[in-house]
Amino acid sequence: MDTTPQTTPSEEWLRSLRRDLHRRPEPAWCEFYTTARIVEELREIGVDELYVGRDALATGARSAVPDEETLAAWHERAREAGAVPEVLGEFEGGYTGAVAVLDRGEGPTVALRVDIDGLPREESDDPEHVPAREGFRSENEGAMHACGHDAHATIGLGVLRGVADSDFRGTFKLLFQPAEERIGGGAPIAESGHLDDVDALLAVHVGLDHPTGEVVAGVDDFLAVSHFEAHFTGESAHAGGHPNRGRNAVQAMATAVQNLYAIPRHEAGATRVNAGKVAGGTATNIVPEGAVIEGEIRGATTELMEYTREHAERMLRSGAEMHDCSVDIEHGGEAPSAKSDEELVDVVADVASGVDGVDSVVRRDTLGGSEDASYLMRRVQERGGKAGYVCIGTDHPGGHHTATFDVDEDSLAIGVDVLSGAVVSLDRNF
Amino acid sequence: MDTTPQTTPSEEWLRSLRRDLHRRPEPAWCEFYTTARIVEELREIGVDELYVGRDALATGARSAVPDEETLAAWHERAREAGAVPEVLGEFEGGYTGAVAVLDRGEGPTVALRVDIDGLPREESDDPEHVPAREGFRSENEGAMHACGHDAHATIGLGVLRGVADSDFRGTFKLLFQPAEERIGGGAPIAESGHLDDVDALLAVHVGLDHPTGEVVAGVDDFLAVSHFEAHFTGESAHAGGHPNRGRNAVQAMATAVQNLYAIPRHEAGATRVNAGKVAGGTATNIVPEGAVIEGEIRGATTELMEYTREHAERMLRSGAEMHDCSVDIEHGGEAPSAKSDEELVDVVADVASGVDGVDSVVRRDTLGGSEDASYLMRRVQERGGKAGYVCIGTDHPGGHHTATFDVDEDSLAIGVDVLSGAVVSLDRNF
Amino acid sequence: MDTTPQTTPSEEWLRSLRRDLHRRPEPAWCEFYTTARIVEELREIGVDELYVGRDALATGARSAVPDEETLAAWHERAREAGAVPEVLGEFEGGYTGAVAVLDRGEGPTVALRVDIDGLPREESDDPEHVPAREGFRSENEGAMHACGHDAHATIGLGVLRGVADSDFRGTFKLLFQPAEERIGGGAPIAESGHLDDVDALLAVHVGLDHPTGEVVAGVDDFLAVSHFEAHFTGESAHAGGHPNRGRNAVQAMATAVQNLYAIPRHEAGATRVNAGKVAGGTATNIVPEGAVIEGEIRGATTELMEYTREHAERMLRSGAEMHDCSVDIEHGGEAPSAKSDEELVDVVADVASGVDGVDSVVRRDTLGGSEDASYLMRRVQERGGKAGYVCIGTDHPGGHHTATFDVDEDSLAIGVDVLSGAVVSLDRNF
Amino acid sequence: MDTTPQTTPSEEWLRSLRRDLHRRPEPAWCEFYTTARIVEELREIGVDELYVGRDALATGARSAVPDEETLAAWHERAREAGAVPEVLGEFEGGYTGAVAVLDRGEGPTVALRVDIDGLPREESDDPEHVPAREGFRSENEGAMHACGHDAHATIGLGVLRGVADSDFRGTFKLLFQPAEERIGGGAPIAESGHLDDVDALLAVHVGLDHPTGEVVAGVDDFLAVSHFEAHFTGESAHAGGHPNRGRNAVQAMATAVQNLYAIPRHEAGATRVNAGKVAGGTATNIVPEGAVIEGEIRGATTELMEYTREHAERMLRSGAEMHDCSVDIEHGGEAPSAKSDEELVDVVADVASGVDGVDSVVRRDTLGGSEDASYLMRRVQERGGKAGYVCIGTDHPGGHHTATFDVDEDSLAIGVDVLSGAVVSLDRNF
């Protein structure tokens, strides 16, 4: 059985596209340049249907959307970077992402989901870091593709080319999802209606500590996750003259942080807490009247996440009370856990073993982290379809989310071959 | 004895000047508009010598100077607000402040120091707050005259008018000091040379919980103070996938904060600690690799401050070590404690009791807070001169450094009368 | 196949023996009454060899031995409770435990290990609590059989009776291990030499949330564990008059506790920390000069335990340093993790399914907790033997280690039948 | 004027009495041996009225009384140490202390209060420590006269001798107060009625960092104080198997301790907090279900103490809630602040300057600590009498409340001379 599509996109095209996206990382709901560039490519490749902006999303389900000012600044930055103005207009207000459809007649509906957002962190400028050395380091200071979503978007477009050039019969949907890092984009895509007729959904991630040449056919045990923002409010006072008149929001926050990480471990499995971003106070000589924790809670199951969240909320409130402050807790994005279906694991493992450059196929592995792909997978599974999450190994010098993360560009073609092969194969095997 | 100068500046002029300064609060070393406006007034009143920028300061003694970018942004803002460009140029790089001299022949050299900087905090927009209601609330968002330095600068200029119009014999120096709130401007003025021939130095503060009509002839027991910035560095990691690979700088910071406030109280008198501004981390799903505390340490004596600082530094280091992080501690501004000389207390008390609108004269009171005027006072006292710190009471609805702080403008004229009267009287009594 | 021995000890005998032991719980290395009672029974049943005190143990490998005074007090208490003086003498100094041997000619050497110590906790006197209601609640205040070791010792003696009455061929060794709760007795038994010729070792635990009638043929995934005592030393001072002269060991301890529980979770599996017993200070008006944490560290693997311990030690030292104290960390007992061998799981599962009263046989389950039986199992496995850990379900109203823990006495006979059946069967199946 | 009484008690008698008391320190309400010994001496000296046990106290006002078992054990220990059984009987149940009266006809009623309890701490056995070297170190392990109350009782008896031998006219009352260290005995003596006719009350303390030969005629600024016990209750669970089922009382306690010491300092003066004695948990492998803090709160004024207490109570509750525990807060002894009256300062200063061995008389000094003598002083002052608190300097190698505290026995005679002189003088000067 030969399931590899005839015409693979060139490695040069993949590399160049990936580097352009890498240079312009954009955080959740600000993927303006990114989506515009994707739409440009989709038009060039040619698709039968194309949904962008509000048409790609259940708009009311978005979460973790930045404020107007931030959105506007990133929108302007995309414009300055050369994004096509007419396309850009449709994304205004943070309606990023796209859904492309190839209609190839009778056959199953197969979907591939890739995520496209960057992270709010500085990229290394160490000359050892390839993007720095070869001139495609982030040009958006304070933002970075530190989780490989530039590679995901690139692989997605490559797969579209591959499927377009194949004898695939059926419908192929390619979903470009925004805001994965904030767990904000999974639900709006899942509830958009675009998944409701999908028979088989694949999602993809590169790396995850697997080297180039290794493919994991089914990733499981996503941690369920929930984001929160806790705003502590006390009262300011002159720190030298009237310390007793203050109610110290930074002390409240520090007490909460100390205890959040000390929530009892659970016998039933892994839990996680992270006070990932904190701030408080205004000046050295003022008792801090405000402080904030932006954090997240995870669990190996949704129940474990909820156990941890219940403790966390009590602790945030107790920390506030400890220093006579109040606290306002806002819930952010949330995602359940998920499992890959055996049928898809079979197909992917089978295809992968025949792909050039693949020297190791792992049937199943666990993720350890969280992913709002789980929203999409659950949607499809609940309606009777099958869903799977595939990992395309890539040598990465720094860990995910660190300043020196990078992908081995040789893995891009492998990703394209494995996934387009799987899509085409599903038409026959399903 | 009639020591009140003949021609007091009009209340209207005082109010209008103060409101203009209030509208444009500028933080430490960014008092570009403020100094320019002061220079404009000095030129109109007429002085014999005028030193600005580098000429007013021992430039190497500045501390807590913001980075170039911040300085440039405030400089540009001052320009846009209409500050005279030619004057502005001299302040570039954060060389703010001014020294004005009236030379009236033989006689003692008497100096008055006023401070001119604002605070980095939001001003209330509650309609109960007079500046909001009457339209002179801060136009520099995130900055506020929440400690009355707008009134101090205004009173200083009023006193200059009063002395200029009097029969004062001797030399009068008027010192406009930047960066008091960051304890950064006292030393550069003290070491500038301008104080080296001063026989009597007065400094002034409004309010301090004394109502309009009350004057404190000698304020004492300034808390010695020392600022610091502690930068914690750990290592980032994916918070869900690899929590064990991180070294959490926010946990280090929180541990330090919890313990800083718990430094043992001292039998010998008051001590203070404040972690006034903290921040850390980059995103909810990344173990925080960096965090910072901007804080301060105070003591009723320099020894008590040093006792507290020694504990604080050990705790900052232990907090870092607790989470396998490193910490870099930078020392900021520092000021000793100080006492007002009895001779000046006598003169001020005597003059104040004859001033219109003064209904209560307190000989001495304690400050509770800190002030880098203590640097100037010590300089003069060490060289054989006398120094005193005067409080002009003013009704203030909110506490110092809070969002609703304001001054009762009726106290401006009282301040001018008491201080110009004292300056003129010193010529005779000294 | 009928593997059940002919003559089972009577339920009445089992109940009465268990209740006597329950009434006299003794903590680690103080099992004087308990061992004496066991020896009395062994003599009555009749064994071929009997090792007690120093002869049962590698004495140098004991850990967590209490101080002389505590040992002496418990020894005296055992004497007063009627333990035979001549036997008692051999245990003096905390040399408790016993090894009994039945020599039945040619055949494999099969061993059964039961642990015999109680816990340092108060037993409930709620009339709902059966031991309280039926008059066999702990008579040793502050100590309790809250983990079922009274049942273990009883089952062990019952199995001996069963094997003695059977046609078993080979050598049967019955090991009564002290100090399991302090992870202090496993190593001394493991290294005593008594295990060096053992072909098959079984260990047993009741309950573990399995109901009466359920048997787990092989328990796995013991958490590796390590105990520690951290002694903090500061300096006392009058808390009112000279707080600054003190160095507060309770603050040091509290800082350490807060952070110990907040050691980062590990991607590779479960970790545990517990500051199980703490104390510090002498009087309300004295700054505490001493404090102690008795705690433990666990991990799903020995590596995970060591990861956690490394963090814990750094935190104990940093907590001390935070308050200018010193800390002395003593390591207590330690146990590796372990797995049951498949061959023994087969035998136990097979036997159990034929035992009266057993209605559910679970082949394998995980422990979640720790056990120093792992030392014995590893010793046997390293020398080529097989080892297994069996759970005999029992309805228990309160959780293990809580004040209302109790066992369902109907499970005693089940335990005896399953284990004696397995021992006898091993002679044939091995 | 010669106010020194004719017949001073011999230095040998003072030393021997003090050493006997030093050897047998007894904590609050357990001063059985001590009171018995005092009564013995009182009978030998001869007094006109003697009140002991219930007759010396407002029994309902006692606080910090230990449990029955502790009282009984100390009572038995006093009996074994040779205390006269018939006297001992009157103290049973913790009714210690005594009031002795000399009636010398017409004249003022003058009172002297001395306290008699020891502290719950180990005494040093360093040979440098005089009581250890010379054989009168504490024989009651775990208890120590670490604050000089052995000297106070001795001086009291010496003063009685001195006054008895003088030409004093009036009534002299000598009050032996129990339970000062627990702030438990001041109120019961104050409210006993014995003070209601007192014209002048003196209280005495040795040391306080004043050397032998120095006398402070009036000590002021006692910190107001309040004791508390906070009992935290959570839920136990197996720390390895079910950490999530526990509610950890030690974490609750540690969180509270960390924050108690971090209560904001107050602009109006000194505050103190001490978590002087803490404990929690039962075993390393059990999640702690209980914990306790015995602590105290002080303030330079009663208001400052109450400010601090309000914060402390909120924090104790928040610490409990943080870990889903409950907390029960019991209030213990409490004492207001106090000031010495000028009239008595005059008399004491005048007499002291004529006493042999006194080379420095300080009119007034502040205490820094707390004292429930303030209850007695306030009682007398409220009823129109005068009250003063005198410090007799003594060289003390270790600080008060430390293991090496000791008094210079040469100061005993000085104390007797100053105080008996003052009592006699008051008859004339009042």
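Here the chain labels run A, B, C and D in written order, and each chain numbers its own residues starting at 1.
Throughout what follows, a residue touches a chain if its C-beta (ideal position, glycine included) is under 8 Å from a C-beta of that chain, and two chains touch if they have at least 3 such contacts.
Since the model is a prediction, treat every value here as computed from it, not as a measurement.
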| field | Most distant chain from subunit A, judged by the mean position of its C-alpha atoms | value | D
| field | Pair joined by more contacting C-beta pairs (B-D or A-D) | value | A-D
| query | Taking each chain's centre as the mean of its CA atoms, how far is subunit A from subunit D in angstrom? | reply | 67
| said: Report the inter-centroid distance (CA atoms only) between subunit B and subunit D in whole Å. | reply: 47
| field | Sequence positions of subunit B contacting 2 or more other chains | value | 241-243, 245, 248, 251, 255, 258-259, 261-262, 264-265, 267, 272, 287, 368
| query | In their shared complex, at which residues does subunit B touch subunit A? | reply | 119-122, 181-182, 208, 223, 225, 227, 236-243, 245, 248, 250-251, 253-255, 257-258, 261, 272, 274-288, 291, 294-296, 298, 332, 367-370, 399-403
| task | In the complex, go through subunit C and note every residue touching subunit B. | result | 241-246, 248, 251, 255, 258-259, 262, 264-268, 287, 307, 311, 314-315, 317-319, 321-324
| note | The subunit D residues in contact with subunit B across the complex are 258-259, 261-262, 264-265, 267, 270-272, 368
